[in-house]
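Across the two complexes that follow, chain A remains constant while its partner is chain B and subsequently chain C.
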Partner chain A sequence: MIWKIFLFLLISFVSVAGIAFPIVENPQAWYEFPNIPGLEENAKIIFFHVPTAWLTLIAFLMSTVFSFKYLRNKNLDDDAKAYASAQLGMIFCILATVTGAVWAKFAWGAFWSWDPRQTSIFALLLIYGALFALRSSIESEEKRATLSSVYSMIAFVTVPFFIFIMPRIMKGLHPGSADDTGAGPVINFQMNPSMLLIFILSLIGFTILYLWMWQVSYKSIIFRDKLYKHLIRG
Partner chain B sequence: MILTKPYALFKKDFHSELRTRYAINSLAMFIIVAISVILFAVGQEKISEGLAGGLFWVVIFFTAMSGLARAFVSEEERGTSLTLQLIAAPSTVFSGKLVFNLILVFCMNTIIALLYAALFESFVIKNFSLFIFAFVIGNIGLAVSSTIIAAIIAKAGAKGTLYPVLSFPILLPLILTSVQLTLFALDGISIEDAKFELAIVVSYDVIMLTVSYMLFDFIWKD
Partner chain C sequence: MESFLSNNAIYIVMIIVLIVWGGIFSYLLSLDKRIKNVEAEIKNGVENEE
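Up next is the complex of A and B:
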């Protein structure tokens, strides 16, 4: 219970601080953010866009880890965990796409411009969609679990191409592209310590939120399956 | 020998294909239909090199999606997959099907490339060795990925519509890079300048091949 209150306070603080703290030329007080040339007020969406994109990947990673566990142990609970994680990953993927598109509209001038990063988040969206399409097409529980586990592992090995390789060889607008002089998406953002602190708090808060949602989700799937089996047996 | 069993399996597929000629006929017709649709859509417009290279891979992708699922779906349809499970190891079955699909992909894509060279004025390859290199490694990746997805589809029982849906995200890194490489070949860029893209496609082939052999056991065994 304590950590739920802690999570509530953390997320509230991050949301309020991320939106309300002013952006000034020369930050003096602890609650002031620096003005980043080219981003200005748009920079604030980083506290919400990056965690969703990060969780899209973490959810997919967890889904693949539990798919792997399922293939080793053939325990349907692991499949429920993988499925629950994939569901959450899909939600965060949509959120990352939408927040990214909104940011792109104000920073680059268009909602969608097939930047390598946009292509990769779109590919992740397609992978999640294909996974659910595959799951819904199979009746038998074991078969569905096995085939979707295999598919998510095959899909997972293509993810490094999208996340790490394509954006670095193709020219793009997103930080971390081939023609970007900075080291990566975040490092060259010229954040000051307070901005960085809230950014990291936001990442931590959203990750805990994901873990909690995931736990609730897979428990409910496992209970539902048990209930169905109980009802069928009579 | 290690290769005799996959070869026997391939020979079985080859003979049953020659008997019905289902895959060959339908693939040939599909290529003609797809290219004529593109030609009608283009009409009298003069299309650029970039567009020709992209349209080349559109036809390749959809032709592969229409024909390559046959390898495993036909076994399920004829009810012969259980027999195959009894007489051969999973990796042997996968090798046999992969060789069959590789040959199918190479034949079909060579025909598509020849037709493109004949029908599109802007499809003129300036760096031929780069094109051949990219073509060969791209085809290997296409065959490997579509064979493993075909195995999933055959077991899932949903034959037609799910195949492109599942294959597209897996094939996307390969297609994006291959389109880029085709553009390089049409532009006459040297192999030296395209080595990053070539390395991506080669690593894609290696990764997909390894993962396919590791995971095929789980798909194949009921």
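Up next is the complex of A and C:
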């Protein structure tokens, strides 16, 4: 219970700080953010958009870890964990895409411009979308679990390329692209300490939120499957 | 509307927070639906045993 209260307070603080703390030219007080030329208030998206992308990565990683575990010991509970995590990864992937597109309308001029970052997240959506199509097309429980575990592991191999490599070696608009002069706040952490602190708190808060959502989700799947088996046998 | 938003970028941040909240909320709805189904199953199972 303690950590749930902690999570509530943390996310509340991050939301208030992320929206309300002022952006000034020369930050003096601990609650003032530096002005990033060309972005101004737009820069505050970093507290809400980056955590969704971060959770996409974490969720797909956990999905792969538990897929691997399932293949090793054939325990269907692990498959439920992998599936619940992939579902969450998909939700946060969509959120990262949509929030990025809304922001891009006002920072870059268009919702969608096939920037390398946008292209790679679109490919990621397609790859993981296929996982759910695969799952819903197989009736047998064991077969579905095995096939989707193998698919999930192969799919995760592409994730580092799409999230870390491709958007960095190609020229683009997103901070961290190959032609980014270092003005971007993300890669070099040119944020001031207070901005960095809120950013890290935001990442921690969203990670705890993910762990909680994941736990409730896989518990409900495991419980449902056990109940069905009990009913069929009973 | 568009010029208002580009002059007051803080509202874009607000829209983005709302989108994230909407996504989490819709996930909770689907989770709630799944748990309700389990609940109904348990109720049916108990009635059948009686």
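As a working rule, the second predicted complex is superposed on the first by the 228 of 234 C-alpha atoms of A that agree within 3 Å, B and C clash if a C-alpha of one lies under 4 Å from a C-alpha of the other, contacts with A are read in each partner's own complex, and residues count from 1 in each chain.
Throughout what follows, a residue touches a chain if its C-beta (ideal position, glycine included) is under 8 Å from a C-beta of that chain, and two chains touch if they have at least 3 such contacts.
Since we're looking at a predicted model, the values are computed, not measured.
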{"item": "Partner chain in contact with A:Ile19 - chain B first, chain C second, else both or neither", "value": "second"}
{"item": "Touching partner for A:Lys81 - first (chain B), second (chain C), both, neither", "value": "neither"}
{"item": "Which partner, chain B or chain C, touches more chain A residues", "value": "C"}
{"item": "First (chain B), second (chain C), both or neither touched by A:Met166", "value": "first"}
{"item": "First, second, both or neither for A:Phe48, with chain B first and chain C second", "value": "second"}
{"item": "First (chain B), second (chain C), both or neither touched by A:Thr158", "value": "first"}
{"item": "Partner chain in contact with A:Lys143 - chain B first, chain C second, else both or neither", "value": "first"}
{"item": "Chain B versus chain C as contact partner of A:Val102, first or second or both or neither", "value": "second"}
{"item": "Interface residues of chain A shared between complexes with chain B and chain C", "value": "none"}
{"item": "In the complex, chain A residues that touch chain C", "value": "15, 18-19, 40-42, 44-45, 48-49, 52, 87-88, 91-92, 94-95, 98-99, 102-103, 106, 209, 213, 216-217, 220-221, 223-224, 227-228, 230-231, 234"}
{"item": "Complex interface listing, chain B residues touching chain A", "value": "148-149, 152, 155-158, 162, 165-166, 168-170, 172-173, 176, 196-197, 200, 204, 207-208, 211-212, 215, 218-219, 222"}
{"item": "Touch list for chain C against partner chain A, complex", "value": "5-6, 8-10, 12-17, 19-20, 23-24, 26-28, 31, 34-35, 37-38, 41-42, 45, 49"}
{"item": "Residues of chain A touching chain B in the complex", "value": "71, 119, 123, 126-127, 129-130, 133-134, 137-138, 143, 146-147, 149-151, 153-155, 157-158, 161-162, 165-166, 169"}
